[in-house]
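What follows is a group of structures, each given as C-alpha cells.
You will see chain A twice below: alongside chain B first, and alongside chain C after that.
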Partner chain A sequence: MEHGSPLFELELFGLPIIFELSTVLMVVISSLVTFLIFALMARNIAVRPTGRVQIALEILVNFVRGMITGNMSWAQGGKFHFLALTLITYIFVANFIGIPFMFAAPDEASTLWWKSPTADPTITLTLAALMIIMTHYYGVQERGMGDYVKSYFEPTWWMAPLKFLEEFTYNLTLGLRLYGNVYAGEILLTLLVTLVMSGSIIATLGFIPMVVWQAFKVFISGIQAFIFVMLTMVYISHKISADH
Partner chain B sequence: MELFILGAADSMVVAVGSSLVQLAGFLVLLALLGKFAWGPIKKVMDEREQLINSEIDDAEARSKEAKRLKEENDRILKETQADISSMMENAKLQAKKEQESIISDANQRANQLIQDAKSDIDREKQNAIQEINAQVSEISVLIAEKMIRKEINADDQKALIEEYLKEAGSK
Partner chain C sequence: MNLLAVGIAAGLAALGASIGIGLIVSRTVEGVSRQPEARGPLMSIMFIGIGVVEAVPIIAIVISFMLMFMF
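On to the complex of A and B.
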C-alpha cells in the first residue's frame, strides 16, 4: 500500500524549496472548509439566539472558553480564545477530511491526492512550532525578558539544559502525536478499503470493520484536535504565569 | 539539509514549501475568520453578556427601590395612624369639655329659673295676702253694718276694724 507523493521543487537562493502538492491542496481545502463553516454559522448571529446553528456555534465557543479558563485566568487567557477556537476547528476539519473518502491517482505510483493534511508530519510540526514559538512570545510579553530567562533556571540552575531541551520535545510531541494518530488511522482505513475493494468473499467481511473504524476515526479526530489545543493552552499558561 | 530529514528514510524529504504554505494558510485563515466570523460572534456574545449584566443590575436596583418605597409607605402609614389616634383623643377631650360646659350652663339656667319662679311665687303670695286683707276688712265692715245696724261713718268703722285686725294679726 505505498502511495506516491506529488512533489514540486522550487530553487530559491540556491536552496531547494520542496512543496508536496497534495498536502498543499488539502491545507487549502481544509482552511476553506473551516472558513466556510464559521462564515456560514456566524452569518445570522443575533443577541437573542435565532436557531440551532447559533446555539451550536456558541456551545463550541463556550467549550473552548472552558478549555482556556481551566488553565489560566480569563484576564490572561481571553486573548487566546479566538486562536484556540480557530485551531481546534481547523485541526478537526483537517483530521476529518480524510475520513469520508480518499483519492489516489490511477498512475504507476498511485499518487495520493486526497488525504488529511495532518497525516503529514510537516504540517503538524509546523502548527506545533507555531504554537510553541507563540508561547515564548507571550511568555516574554507577559512576564518580561528577565523573568522569562530566569524561568529556565528554576527551581535550580542545573535544570536549565533540561528545560531548554524540553521546549523542543514539546514541539516534537505536540506535532508527532497528532501526526501519528491521523496517519495510523489513515493507513488502517486504506488497508480496510483495499480489502473491501479486493472483490473476494472476505471483502464483504471487511465492510463492517471499515465503518466501525471510520466512526472511531471521527472520535479520534475530535480527541486529537482537543488534545492539541488543550496542550497548547497548558504550555501557554506555563509560560505566562509566574507560579506553576 | 540532510540533517533535517525526518525518519532518516531516503524517500522522505522535508517539504519546507508545504510547511510555509501551512504557516501562511493558517495565518490567512486566522485573519479572515477574525474579520468575518470572530468579530460578529464576539460582538454578539459580549453584547448579550452586557445586556444580562445590566438587566441583573436593573432588577437589583428595582428591588432595592421597591424595598425603600415599602419602608417609606409603612412609615407614613404608622405616622398617619398615630396622627389619627391623637386627633381622636383631642376630639374626645374637646367633646367632653363641651359636654361639661353645656351641662353646667344648663344647671345654671335651671337654678336661675327656679330662683325667679320662687321670687315670683313669693310676690304673688304677698299680693294675695294683701288683697285678702283688704277684702276681709271690707267684708267685716259690711258684716258689722248689718249686725249693729247702726249709722257709723264707714271710714271710722274701717279704721277701727283695721286696728282690731292688726292687734289680732300681731298676736
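On to the complex of A and C.
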C-alpha cells in the first residue's frame, strides 16, 4: 500500500526547499498535545498533593531527575531538567500519535496526513543535530574554549580525527535509531492493515497480531524516548565534566 | 534482485541484533541476581547498551527500505 506525501516546494536563492506538509502538521499537533498535557496536569498543584494527577506528574519529574543525576552532578545538570522533561514527553507523544489510527486522504495518491512526525528522518536528524550542537555549546561554556579543544586530543593526539568523526556518528545514530524504530513500526502496521483488508475471511484474523504489535509499539515508543534523552544526557556529561 | 538484497540485509541485521541484545540482557540478569540492590542502575545501563547496539541493525533496516522503495 503506497502512500503519497503532500509536498510544498519553496524556491530560496535558487535552491529548492521541500516541506512535507503532513510532517509539519503532525509536529504542530504533537507539540500542542505535549503542551496541553503539562498545562492540564500542572493546573492546580499544591504543596500537599491531593490528586493522582499531581502524583503522576511528580513521578515523571523525579524520573527525569534521576536520569540526569545518574550521569552528572545536579549542580551541573540541573539546568537540563526541563529540557529533558520536555524532550522525553514530546518524543513519546510524537511516537505514540501514529499508533492508534492513521488518516489517508481519499484521493488517487492516497495522501498520508496523520502519521508519527518522528517517522520522517528530517525531524529526527534535526532533533539529534540540535542536541549535539547544544552539547558543544555547553561544553565550551562550562569548561572554556581551551579545555574544550584539548578534550579532542586526549588521551593522545592521534585520537583527534576519530573524536571529530565520532561527533557526526553520534548525530547519525541518535537520529536514525529513532527514525528507524518508528518508521519500521509504521510499515509493519500498514502491512497488517493491508492483510486484514485483503478480503478473505481467514485474513481477518490478522487483527490479533495487529493489536499485539500496537501494544508492543507503545512500549517501543517509551523506550526510544527514554534512550534518546538518556543518550543526550550522556553526551552532555561527556562534554561538560572534566574527568573524561 | 532488490527484494533478495532487502531480505538478506534485514535478516542478517535481525540475527546480529538479537545475538547482541541477548548477550546484554543475559549479563544484566546475571548482575541483578548477584546484586539485587543494583537493579535500577543496571537497568538504565542495559537500556543504553541496547540503544547503542540497536542503532546498527536499524541503519541496515533503513538501507533495506531505501533499496525497496527508491531503486
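Convention: the second predicted complex is superposed on the first by the 244 of 244 C-alpha atoms of A that agree within 3 Å, B and C clash if a C-alpha of one lies under 4 Å from a C-alpha of the other, contacts with A are read in each partner's own complex, and residues count from 1 in each chain.
Methods note: a residue touches a chain if its C-beta (ideal position, glycine included) is under 8 Å from a C-beta of that chain, and two chains touch if they have at least 3 such contacts.
Everything quoted here is computed from the prediction, not taken from an experiment.
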Partner chain in contact with A:184 - chain B first, chain C second, else both or neither: second
Contacts of A:223 with chain B and chain C, given as first, second, both or neither: second
Partner chain in contact with A:24 - chain B first, chain C second, else both or neither: first
Contacts of A:64 with chain B and chain C, given as first, second, both or neither: neither
Touched partner set for A:117, first chain B, second chain C, both or neither: first
Partner chain in contact with A:173 - chain B first, chain C second, else both or neither: second
Per-residue contact with chain A, leading partner among chain C and chain B: B
Touching partner for A:82 - first (chain B), second (chain C), both, neither: first
Which superposed partner A:195 touches (first chain B, second chain C, both, neither): neither
Overlapping contact positions on chain A, where the chain C interface meets the chain B interface: 121
Chain C contact footprint on chain A (complex, rising order): 67, 70, 121, 172-173, 176-177, 179-181, 183-184, 187, 223, 226-227, 230-231, 234
Touching residues on chain C, where the partner in the complex is chain A: 41, 44, 47-48, 50-52, 54-55, 58-59, 61-62, 65
Chain A contact footprint on chain B (complex, rising order): 1, 6, 13-23, 25-26, 28-30, 32-34, 36-38, 40-42, 44-45, 47-48, 51
Touch list for chain A against partner chain B, complex: 7-8, 10, 15-20, 23-24, 27-28, 31, 34-35, 38-39, 41-42, 45-47, 57-58, 61, 82-83, 85-86, 90, 117, 120-123, 125-127, 130
